[in-house]
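Note that chain A is present in both complexes that follow, paired respectively with chain B and with chain C.
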Partner chain A sequence: MELLASVLTFTAINVVAVTGVFILTGLTGLFSLGQGAFMGIGAYVAGLMAIKYNFSFPLAACGAVVVGLIAAVIVGLPTIRLRRDYISLVTLGFGEAIAALLNQSVNITGGAMGLSGIPKQTTLLLAVTSAVICLLLVWGFKCSRYGRQCLALRSDELAARSMGINVNQVKMVAFLLSAAITTYAGVLYGFYTTYVEPVMFGWTKSAEWIIMVFFGGINSLTGAVVASALLTGLPEILRAAAEWRIVAYCVIVLLILNFKPTGLFGEYEISLLSLLRPRGNRIREGEGS
Partner chain B sequence: MTAQLIINGISLGAVYALIAVGFAIIFNILKFSNFAHGGFMTVTAYVGFLATRFWHTSLLWTLLIASLAGGMLGIIAELVAFRRIRNNKGPVIYYFVSSITLGMLLENLMTIFFSTNFYAYPNFFPVATVKVGQLLLGVPELIMFCISSLALIILAVLIYRTKLGTALRSVSYDVDTSGLMGINVLRIIQLAFFLAGFLGGISGVFLGISYTLYPQLGQLVVKGFVASVIGGLGSLSGAVIGAFLLGIIEILLIRLVGSGISPVFIFVIMLLFLLVRPRGIAGSHIQEKA
Partner chain C sequence: MNILEVKGLNKRFGGVQAVADFYLDLPEKGIVGIIGPNGAGKTTIFNVISGVYKADSGQVLLAGRDITNMEQHRIAKAGLGRTFQNIRLFRGLSVAENVMTAIDPLTKYNIFSALLSLPGKFRAEREAREKALHYLELVDLIAYKDWQPENLPYGLQRRLEIARALATGPRVLLLDEPAAGLNPKEVIDLIELIARLNRDLGLAILLIEHRMEVVMQLCQYIYVQNFGKTLASGPPAAIQCNEEVIKAYLGDEE
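Let's look at the complex of A and B:
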């Protein structure tokens, strides 16, 4: 029972993070390899606020999200207006910088030894509630004007621009929202494990989430959630061959890319509307809801 | 002392230049950032190490074996990760995902096979330092600088003076038209991947010599990325200049603030650079194509 609860909590936290990545990668077509670093910011800032100044969980979470947003603005401002590649490369550098910062400021963060003693405040209920709220938020975003603009500029930035979409602003909004959600996932993570160290938040973490989003189908929030539940939940339960887990993911994703590049779910979303009418058409989807 | 630092910076920059150019070649042809490049470097570093361990190869043979292995790896990577996407005319985000996945795959395979032990290259150099006038030069750095520069010069000759190089440049301008002009596009793309893997092999061995061997060695590829961003994405000469600049900056930073915290400063410098001159030093501007 204990194990099941812990698996479910981790899955829920991962769902939160993956919804954040979904906004950026799935909707907008940008790749951030620094999402792990945002998670690290969340865990460390909230953890430190709780340990050193006895902040309650909600306040610490808010503080961490604000810090994450500030970091996202600093990273986003120079890069978002450039070609897409820049944001991936720069966020990768951002991840390195955050890792170096966490490792070096030993007397604040504990350096490579990690930060321990964060109060255990994340319960299964909180994690699941957060996951549901984030899902609703991202779903709303996908159906909103911004979400549709994101989809438009993902397929063709020039066309989107000429239709009067403020491409840079939309990208920035997506990046900030994604950073905020991922930071919050980090807060949940820190308050669940009670111990964090810098190596947890490297680029492989970010890449893992991108793989999850992609695994489920790059257009499908349903797919992203199913994939993150599957890919976090199953190995935790099976446990065997844990080191081969990532290798297996990678091989599967390469196969998907080669043979079914739209991912497991393609553009399919579970919703009452799409169950009632023939599935597929992305243009019409969301307008009805 | 300053001259000493700059010379160290240049020799570090030469290795970064190999990384950056290997990354930029793929970027030039297929217009995506190849995140698998770090994986190439990790794998080849271990290949080189295995060669020294089992065959007791000299430095040159090690480099040759590792870089040929890298080249083969590049060709295989093209086949398994990118060929079908290109044939299906998939959007550029598929290349991204594919290269990220491939990079993770290679890194994790190396973790599985080698992470239990720490390995280090044998010492190739009988003398550690030579004194030239007032300057104390490290022999490994000097040799790395010479070999890296040689490799870059050969590459430049190949790209700018041979027919193959012309084909390579033509494909990087426009894939479809080059195909119509009778260039075998697939072969050229394979060549690009071979060259990228080859350069990755050399840099992998050098990184393995400079640091110990560990599966995350390939993450030093981020230096190549930073150099490319500073130099201007997609420009080979810009990547080289950016890499040397980065090497010098990094050595100075290590001197001034220590090696641990210098990634933070480099990141800030990169951001400032993007704010001031987003096109990079070379100033080539690759337009986002639909």
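Let's look at the complex of A and C:
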């Protein structure tokens, strides 16, 4: 029972993080390999605020998100106008730099020993509520002029610019929103495990989330949620296979992406409206952009 | 009064002078054409006017305002809409949504009402959608509004690009080979559509085209480009019997 609750909590936290990555990678087509660092910022800043200054959870969470946003502005302003591949490189560098910083500033963060003693404030209820709220926010974003502009510039930046879309601004908005949500996921994580260490927040974390977004289907928020649930739970289910479970995990991901390149859900979204009435002659194509 | 003026435009790519000292006047509500063999620098002219490339020298004036080397999205907002030679529609968005993206930069609601789905968002979204459908009606694509653009026949994709360009609310429309790849019937429909947009919306149109029937029927004035230079310019009748032009197109008589 306890294991189930813990898996569910981790799933909910992953859903929060993946909704953030979905905005950036799914909607806008940018790959941030420094997304894990925002989670680290969330966990460490909020954790330190709670341990050293006795801040309550909501205040610590707000503080961490503000710090995450400031970091995102510092990284984003010079990078966002670069070509997409450079953005991945710069965010990778940023992520590793944050991890190194956490490792080196032993006096504050405890360095490689990690930071322990964060109060356990994240409950299953809080995690699930957070996930639902983030989903609603990101859904609102996707179905708005911002979401549409993100999709447009992902598909064709040149055409988007000639339609009057301020591409850099829209990218920046997506990046900031994504950073804020991921930072919050880090807060939840830190306050659940009560112990964090820098190595948890390297680029592999970021890559893991990008895999989840692709696994679920890059245009589908529904897919992102299902994928984060499946892929968070999968290692637990495969526990019997012991050391083979990482291999099994990879094989499953590869098989799905090989036979269904658009991910599990492609562009499909579960929505109350579409369940109530048929969507007419909307034709779906197998291939994404 | 000219709505679009290009003065002494130069653009060089390495050793290639793509556009050399190019002048153009597009009168208000006029239709002007640019023709010329492949590689004559016609699309480069469009790309410099619409801000894709920076001009090496020269000036572009839109309704008297200097738009030379402004950022692309600012030029679009200043009133310059365009289509592309190789169709560039947004995949992953429906036909109606493609048109809505052109309206979105002008829509007024902020990120917070987007995230929280506040009432103002729904009002603005409904208005934007109605506008988009209006433009789809203009180009007779309303029946396809929920389709994915890549599933449309080629001719209709070209029309969708025009609808999307119209949705930016342009004063000048640049059409880059709008008839390329169309069958004869579609070409006739396209000529009718361009004439209608020009007449009903009072839109000034600058077009690049290889199909002579399009250029000759629509344009009041034609510029002929060859190797970056303007070979000749004048009304269609004068261009048709211009010796230089015939030489460039058909080769020299030995």
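Just so it is clear, the second predicted complex is superposed on the first by the 254 of 289 C-alpha atoms of A that agree within 3 Å, B and C clash if a C-alpha of one lies under 4 Å from a C-alpha of the other, contacts with A are read in each partner's own complex, and residues count from 1 in each chain.
Heads up, the rule we're going with is that a residue touches a chain if its C-beta (ideal position, glycine included) is under 8 Å from a C-beta of that chain, and two chains touch if they have at least 3 such contacts.
Keep in mind that this is a model prediction, so the values were computed, not measured.
In the superposed model, A:N258 lies in contact with chain B only, and not with chain C. Partner contacting the larger number of chain A residues, of chain B and chain C: B. In the superposed pair of complexes, A:L92 makes contact with chain B only, with no contact to chain C. In the superposition on chain A, contact is made by A:N103 with chain B only, not with chain C. Of the two partner chains, both chain B and chain C are touched by A:A159.
Applying the stated contact rule after C-alpha superposition, one finds that A:T79 touches chain B and leaves chain C untouched. In the overlay built on the shared chain, the residue A:S116 is in contact with neither chain B nor chain C. Comparing the two interfaces of chain A, the one with chain B and the one with chain C have residues 154-156, 158-159 in common. Those residues of chain C lying in contact with chain A across their complex are 50-52, 71-73, 76-77, 81-82, 84, 88-94, 97-98, 100-102, 104-107, 109, 111, 114-117, 121, 124-125, 128, 146-148, 150-151, 164-165, 167-168.
The part of chain A that touches chain C in the complex is made up of residues 136-137, 140-141, 143-149, 151-152, 154-156, 158-167, 173, 177, 219, 267, 279-285, 288-289. By the touch rule above, chain B contacts chain A in their complex via residues 27, 32-33, 35, 80-81, 84-85, 88, 90-94, 96-98, 100-105, 107-109, 111-112, 216, 219, 222, 225-226, 228-229, 233, 258, 260-264, 266-268, 270-272, 274-275, 278, 286, 288, 290.
Taken together, the chain A residues at the contact with chain B in this complex read 25, 29, 31, 33, 74-75, 77-79, 81-86, 88-90, 92-94, 96-97, 99-101, 103-104, 154-159, 202-204, 207-208, 210-211, 214, 218, 243-244, 246-247, 250-251, 253-254, 257-259, 261.
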